[in-house]
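The same chain A turns up in both complexes below, where it pairs with chain B and then with chain C.
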Partner chain A sequence: MNSKRRVFLKGTLAAGTVGVAVGAGLLTPSTVLASAREGFEAGSVSDALKSVMGSDSHDSGDITISAPELAENGAVVPITVESSLTGVTDIAILAAANNNPLTSSYKLGEGTKAYVATRIKMGDSSDIVAVLKANGQLYSSSREVKVTIGGCGG
Partner chain B sequence: MNLSRREFLQVLAAAGAAGFSLPASARLGAAGKNPSDPYELPARGNVSILHFTDCHGQLLPVYFREPHINLGVAEMKGRPPHLVGKALLERYGIDHPGLLSHAYTYLDYVKLAEHYGRVGGFAHLATLVKKVRDQRPGALLLDGGDTWGGGSGTGLWTHAQDMVDAQLKLGVDIMTGHWEFTFGADRVREIVENDFAGHIEFLAQNVVDVDWGDRIFKPYTIREMNGVNVAVIGQSFPYTPIANPRHMVAEWSFGIRHGEMQDTVNNARADGAEVVILLSHNGMDVDIKLAQVVDGIDAIMGGHTHDAVPAPLEIKGPEGGTCLVTNGGSNGKFLGVLDLDFRDGRIRDYQYRLLPVFANLIEPDPDMARYIEQVRDQEVTYDGQTFNMKDALSEELAVSEDLLYRRGNFNGTFDQLICDALMEQVDAQIAFSPGFRWGTTVLPGMPITFEHVMDQTGLTYPAVTRNEMSGAMIKEILEDVADNLYNKDPFYQQGGDMVRVGGLQYSIDPTRSIGERIGDMELNGKPIAPNESYVVAGWASVQEQPAGNTGRKIWDVVADYLRDHETVSISELNEPKLRGVEGNPGVSSV
Partner chain C sequence: MSSIRVRAQLSDGVTNVRALISHPMETGQRTDSGGNTIPAHYITEVKAKVRDREILTANWGPSISRNPYLSFQFEGASSGDTLELSWVDNNGDSDSTQVQIR
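On to the complex of A and B.
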């Protein structure tokens, strides 16, 4: 089995809420993937945000990022983003140190709870940045995840 | 000179006549006078927890030297456990020289080790557990993990069965784990579901299925003790799949998971728990931060970092409650005893002792002693060879002219020996040896046995590797490990010591950030060039197929080196040049 496909499947399966949202027709993956192509190819956080959010100007907001402090496997780092903000239409998750920082972006239908869980790929230790668009404004939060060489513990 | 039990009792009698007595309270600072009888400890209160941790498969008494470098940075500077030698004794008001100063520090180590003798051993621990338990009906015995290894030949060759049966005999009630997982997920499951069933609960709130997030183990248990409902939560070592081979627990994910920890505490309280104890393998700095961010834990019985801390730290929680944070040392050297006086809905008072287990002062439990003798004196087949374990372990390989030890932030003398062996045996310019905190001590003049070598190297991924690495890569490795040790946020620390090095010399400033700590890298007086290639030997790779695998195992490399040399001396200890730590009480020169 193609490992990327397996990783993708793992990601979608784990992202329970998003899976449900897709099933209910709240999200349309084809649209998401097509429109975000440029964003995924962008080489900086700023360019990626301009592409998928229309702007890179954001304020810190009430967003919780759940992630391991140290990644067990850089190829599949579990990340959960949630927020109590209302009117959230877009969520983007970026690994600032990746060559292409945008790891995933989501469009949320009206009334959807701002909660996504996914697995991302990280090449190196990085700040994980979550950016939400709510009522046209961008909000962000970040959290460090370390990718270490491993060994030598205890 | 060796002090026999009878002589010791005579000394005690004299001390008693001179007016020594047990301190009235175990509050900070009062724990440290050398007691008239270290094992006479009347119970206080109605809830008692006995705790040992990180015994690393040491069934027999051993020597174990505490570190002279255990640096804390940022808020951890000078805070327990980051105190060594005199600074530690001053903090706890412990006299030197004495039984307790020898137990908790490296000061005058050889002289006092010869005087007081070996520490630990399950037969001696068993006697002590019985004695302490007799005074505490209903007390629970908690095992913090790193019981099955690493650092034990018999553990490796019996797939931990030696320790599993010893735990059952000792009467362990609850355990959590770390090195246990290096025997593989299947073996852990097998023991938990069969040997332990109905006897020992293996708890971990922070081990989940890697895909679905379901818990693998029960997160907590509630036991009634003298009418008080006591919850014990388990926390396994959060970075097991990073510090140790991930492929051994490929389907399990770990992590600190402090949010889930709060949920677990809340669930236990909702379940009727009046006292909440965390049995933790986080390491002490992580435990302190956890106590600051999670509400409702009354005490943490901690391990992993092998810190012998004489008294608990009282840590304020997010809602203003107090959590007692302890750490119980290693290698079977200590038994922690926590008594809580729980009345009218809250803890009124507590008493804590970290009792050193001196083998000369405690009669061995005959049943356990017989078991240990029998389990060691048996034939096993390992790696295609069949042999008697006791015979193999007792082989005298060489004589040590110097004290050999490992524990400390940087190279110990035994690490130096391992690095020398690696460089000579596999023809490398540089050697790396992992900064494990286990491994026993050998006194000068003692024969180095194969058992000592297994104490230092026994694990389930022993491949010796030989690779070419660029100077830049070597720097990256040192920086990476240093950041695991000295990250200013304890949640990013893995709890081992710095990687040990042979050949290479460097300087380190623990107070700086990743990429900026390591400097002055040299080999034979010449600066290490980033683009130049160097031959590096190592062992204990966490890769499933280690790059540059020589096909040899680390204990064979060290044993062959010792057989070749007959006597060894460590003329110069390759410690890095330390910067930025002037006045830090976590370092002392010897």
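On to the complex of A and C.
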């Protein structure tokens, strides 16, 4: 009788701890972060988008990708993604031919413009795909960049 | 000395931020002259904040170039505000810096 009561108490205590952890947001950030990192392991554009944006269905939108047509050095390819869309919360930049296409993703705060510029590595000539999430909807655009010397190998 | 060099310039209500970070951004796919794999070492996250307001969070993979460059723009800051930029890499190392918006 007494021991059963102990077990019962232990059970409620354990459940309570998990509940508190979820309530305090201790569990959610780590799971969210894990899924954000998974996108970088994905081997295809569609898999990467599913894990980073939650879906891979997208419309073509008004997105401008600025990149060199011919990149001599694949280790440093400047990319700028810009859009006139409003309510943009997420931007992802992918190099379709890379082993892991996702190069980077960005979460925009309120008042942050749909504009990101960075430099990426490209293993081979490839389409650069930019995907934006605006008001929960995905939009994409792509642009081909030819690479003379790949930048991913040794 | 900080690993981050950053500038934040305000014009017509839009703050334009340009940042350069010194970091090897090793992919983990390269080998050294002895044929040993060079371990992956790259920045995974960059955060920008103004007065505790989150402006931008960048999630990076190893395919961002060595000594990364990042530029972004935002509204709603005034001249003299402080922009804080920080990064964390896959080894858990981190750095941060602050710059005045001018």
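Heads up, the rule we're going with is that the second predicted complex is superposed on the first by the 113 of 154 C-alpha atoms of A that agree within 3 Å, B and C clash if a C-alpha of one lies under 4 Å from a C-alpha of the other, contacts with A are read in each partner's own complex, and residues count from 1 in each chain.
Here is the rule we go by: contacts are C-beta pairs under 8 Å (C-beta built on N, C-alpha and C of every residue); 3 or more make two chains touch, one makes a residue touch a chain.
Quantities reported herein were computed from a predicted structural model and do not represent experimental measurements.
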Touching partner for A:N98 - first (chain B), second (chain C), both, neither: second
Between chain B and chain C, more extensive residue contact with chain A: C
Which of chain B and chain C A:Y106 touches, first, second, both or neither: second
Touched partner set for A:E72, first chain B, second chain C, both or neither: first
Where chain A meets both chain C and chain B, residue numbers: 78, 151-154
Parts of chain C lying in touch with chain A, wherever the complex brings them together: 14, 27, 29-31, 44, 53-66, 68-76
Touching residues (chain side chain A, partner chain C) in the complex: 36-37, 39-40, 52, 75-78, 80, 95, 98, 100, 102-113, 115-122, 151-154
Of chain A, residues touching chain B in the complex: 10, 13-14, 66, 68-73, 78, 125, 144, 146, 148-154
Chain B residues within the chain A interface of the complex: 146, 178-179, 211-213, 237, 239, 241-244, 246, 253-256, 259, 304, 434-438, 476-477, 480-481, 483-484, 489, 491-492, 494-496, 499, 514, 540-542
